[in-house]
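Both of the next two complexes hold subunit A, though its partner changes from subunit B to subunit C.
Entry: the complex of A and B
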């Protein structure tokens, strides 16, 4: 009997040891993985403080003579540094403006459409829902030529909506907003009990009143998630903005950074690093703060675009 | 029951009855919208944008139906979204399909209606016929003027860009006549002597007179003649006749071409049937790079999805233990690649993997004494792209795998342990199959995303290194979509080719569409819709 107890005890302690050992091994692996994950970020932080600003001269992770010179150059505060195509503040402003406006408008479009799909029954409803999903199969990247021609022709008639305008770009973004997000939003709306609507109807409220006063407040969490994902998606978009905007003062941040780094990249490394950090940091912080909500949105099928 | 019943009609009337004010507003807004649409369509038609006019017309009709018919009430909630969807997603798709069957591109940018007037504007200097004797004058700015005398003795003054008008010596601004009746000077101009005029290199190229009215050009030192319209379009036979020699040009795929192979510029846009698709598949100039591009286009997403999923899943399993220390911190640090805008990450990696100055090669050189040339050797460029994509993509896979892992019930594992299954057997026969059901659709979506991962391919080294001898610019890391972009927007030696680019887009669309439809089947998304009806 005691023999058996001893054996069990030994087994348990060895299991405990095994467990500790495995945790330790996994922690070591974690350190390597984290090194792989954040190494480029650390390196770019270092480069941004390294005044030598060339790729060739950055040799250690801790910069010698660390200074804010690259940031001063980025914001045009360094009189000795002239680079014609660098108007960083404008790019940031353009990016925030374009992403902000298209996010708000596309949220409005999406939420109202999803409300109708969720709460009303009409002919062609299922066909339309399927159709919206099907159309997304055709990436608008493939229709670049057509979109370019379309915006060009728009501009010939209404110059304010043509090539090289933010309004034209925002219109194109809105064209792509009736997609997966409608499904996400409709799925969320379907979980809101219909009793809420019915109580409103009993009081004689119109559809719009019900939507505005009863449903919309309940949608706040999903609106935040979809809004952030769509803001980040638009903020990070490169190709549409690249073909539709052609003036350096109109560029979004992504287009500006890409064009800035197009030639003699190794000589602009430091300034690029500063710009990359400023451009990426707000997005990183949002992601890390809201990672649980965003992961929730992901597992429902949203793919980072 | 008795409480509910009387309210039933009220509820229904609340839905359909709207106040007079809101009805009025709806009609006023609709009228304003219609007025705008009519104005826009008129403008579009006058500029020759027929397709745009049609699509705006379709949207306007749709808006009127939606906002006038009471049955269409639910659609009012999505009318604006549908308008944008039709204009910026559906119309471009239709347009792309159309362009794929045309020769749209450099040399064929105009419509036939725009091209023919341009062709008919072209002039030539006839060999015989009415001619003038001429005297040239030049001013300080290097501008020329001509004094013309017709065979009948009438005299004219001709300047480039100005109407040719009769003039006499002694008129205001015209000097006195010399012995031959030619003014010695013009105001501001100096007369050129015969030798100077005969050897002047500019003179024979200058067109005097107003375009569209009468143009006179110098034919030889003694004669200047009126230019004549060179080409006449014959609508009945769809041919162009060269007036100078009577040669007939036939419409061959949007270019007027003579029997001897001469062509007239500009060409125009026209439907060329399957020509672009044929060229895509059979043209020897394209075939070499195309085989390379298509095979890489399948290798790249396959390896990317497998590698990112393997790493992401491994991490998810390793840290799936809820009591694992620093779990939250580790996860936050590991998803950092996912939180940086892709373009920025890719450009950073371009710097890190720079063959000469990049830190990775500096370290490799220091440690093992050699380093691959990531940007110039085809094989290593592909490896670099896959490596960067592993870094970009594993956090997403890690997030979805750890979500799915938690949904696998633990009692299955307990049963397997009791049956004596090894960890590998447990993974192979329980974890992986169950996980694949949950994340399978997302893996397919990721495959499709990477199949068209333009940003990575283009931003890293723009598809390079270049494939030697390729007729169009194509590189060893190019995928179809980046190749399409180069064809359409970065004219290489062959000029932009919207038609061919659109044809390739269609091929890509068919591949991607097939994969995605398979995914919808697989995920019973359709059934989900039907359930909620």
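Entry: the complex of A and C
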């Protein structure tokens, strides 16, 4: 009997050991991956507190003579330091404005288009869907010159949408981001049973009422996801903003920050790092606010589940 | 409260004809069940009536108004879907109130109607819950409640019980019947389950391949099926069919199946005489095939030799699966029957209760 018990005990303990071992291995890998991805961020944090303004001389993660000097300079609070009339706060405001507006507009257009693609049957529906996907294959970058010329000529006719205007930039962003999002949204809409629409129809709702009262509330998870992705995408864009905006006051954050690194013998890496960190704040705040909203399964219970 | 009329209604999807020249009159306060195998067009017919599909041809009337071009919301109907189609983000109360709110019914009136419907269905204490917090049966009730509060002229049910388990289905069947009694409104109910049809309907429309086969009361449908399809579809276990010939011999009229011959009793001869010599299909329901030891008194019995293939003991009765030559068929016999698997035996056909169909047209010969 004891023999049997021992064997069994040994087996059990070895299973326990195996379990623990595998957890340990996973932990090591996880820690390594986290360190790998967090290191650049740590470096930027470190650089932002390093007054030496040079990446080359920065030898340790915890800078010598750590100070808030870079932050003071960034906001123009250092009397011994001038970098012209650069307006960091304004850039952040511009960025938030451009990203915010284009996100809201993009969500509106995307949702309505996806609803039509998902629920209505019309000629050319499939061709249009495929077309949207196909266009999406080419990166915006390829069309850079064309976009520049387009917006330039647009501005000749409607100055409010021309070069160096936020409206023009937003318009370009809208065109760029829509395709993928329409597909994403349509995919989600297709999972919402049509019975809900039909039930609404019999209940007396118009197409718009069905969309607004019955379908839209169910789209919240995907709206949040697409909204965040689209906001981050436009907030972090450099190329389009760089070529379409040419007045320092109109710059978005990404374009503005680049100035700090542009001077040939005058790079201000410390100030750049401080600006980058502060610039990341809006996105972090949005993430934290909305993380609870990203819940799926809201359609559960609509049909038998 | 209103009658419903289908007048020469066709519905085509491309080359497929889902509803083929449907003519149907549903009286006021009637409980009409559309029944048929899946894909027979019964749901399509209902959706045409609801306005969710456009008819390709013909007219649909609610009351005496042609509703072909009337949108669903103005047809004054309510529909219960197979999937319930509750609005997942709204509470039970709001689900039921939704249609009324759209119609700008005063708040107090909405409250009164929702509470009343909730009382009828016994879901008063669920009003604050979300659909996902409800069981299947409760969701079903909410779906029905949503229809009730609208106080429509016509209720449409699209296989409302098929997602429920067997026990609940029986219970809800009785409740829907009671509801019909109580509301005194026209009910049109689609199902593929002939038991549901038989138990609830005042009249049943049997549909197959888009064509209306027979429209009659449940009892008539069972006793006098018009054709082979109706005979086979209504009743469980289904009617037994034996292909054969009508033959005259020695002054008697016989049904000759090739394996056995049955004499048609004199009282029925006149009906079938004209068809002597023709190919026919002989039909008899399982309950009219008896164990020879338990033949009810006063019936004209014809004995047939069989081999017992399978027995199914149900408690109050026994189903015997029998083989006679090329024919296999079912008998529903007295529970005291001693017949066992593998036995050679004799069974008695009740020759007062049988059906004969023309083999070519599949129509009943009467």
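We take it that the second predicted complex is superposed on the first by the 236 of 305 C-alpha atoms of A that agree within 3 Å, B and C clash if a C-alpha of one lies under 4 Å from a C-alpha of the other, contacts with A are read in each partner's own complex, and residues count from 1 in each chain.
Here is the rule we go by: contacts are C-beta pairs under 8 Å (C-beta built on N, C-alpha and C of every residue); 3 or more make two chains touch, one makes a residue touch a chain.
Keep in mind that this is a model prediction, so the values were computed, not measured.
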Checklist entry - Taking the superposition as given, does A:116 touch the first partner, subunit B, the second, subunit C, both, or neither? => result first
Next on the checklist: Touch test for A:247: subunit B only (first), subunit C only (second), both, or neither?
Outcome noted: neither
Checklist entry - Between subunit B (first) and subunit C (second), which, if any, makes contact with A:218: first, second, both or neither? => result second
Next on the checklist: Quick check on the superposed pair: does A:193 touch subunit B, subunit C, both, or neither? Answer first, second, both or neither.
Outcome noted: second
Checklist entry - Between subunit B (first) and subunit C (second), which does A:205 come into contact with in this model arrangement: first, second, both, or neither? => result both
Checklist outcome for this item: The answer to whether subunit B or subunit C touches more of subunit A is B
Next on the checklist: Need the overlap of the two footprints on subunit A, from subunit B and from subunit C, as residue ranges.
Outcome noted: 201-202, 204-206, 298-299, 301, 303-305
Item to check | Contacting residues of subunit A [partner subunit C, same complex] | outcome: 193, 195-196, 198-206, 209, 213-214, 217-218, 298-305
Next on the checklist: Quick check: in the complex, which residue numbers of subunit A touch subunit B?
Outcome noted: 23, 26-27, 29-30, 33-34, 36-38, 40-41, 43-44, 47, 54-56, 58-59, 109-110, 112-113, 115-117, 120, 122, 125-126, 129-130, 132-133, 135, 137-150, 153-154, 156-158, 171-172, 174-178, 190, 201-202, 204-207, 232, 235-236, 238-239, 243, 254, 257-258, 261, 265-266, 269, 272-273, 276, 279-280, 283-284, 287-288, 291, 295, 298-299, 301, 303-305
Checklist outcome for this item: Note: in the complex, subunit C contacts subunit A through residues 50-52, 71-73, 77-79, 81-89, 98-99, 102-103, 130-134, 136, 139, 146, 150, 163
Item to check | List of subunit B residues in touch with subunit A within their complex | outcome: 7, 10-11, 14-15, 18, 40, 43-44, 47, 49, 52, 71, 73-75, 77-78, 80-82, 84-85, 87-93, 95-96, 99, 315, 318-319, 321, 324-326, 330-345, 347-352, 354, 356-359, 362, 391, 395-396, 399-400, 403-404, 441-442, 445-446, 449, 452, 454-455, 458-459, 481, 484-485, 488-489, 498, 501-502, 505, 508-509, 512-513, 516-517, 520, 525-526, 529-530, 532-533
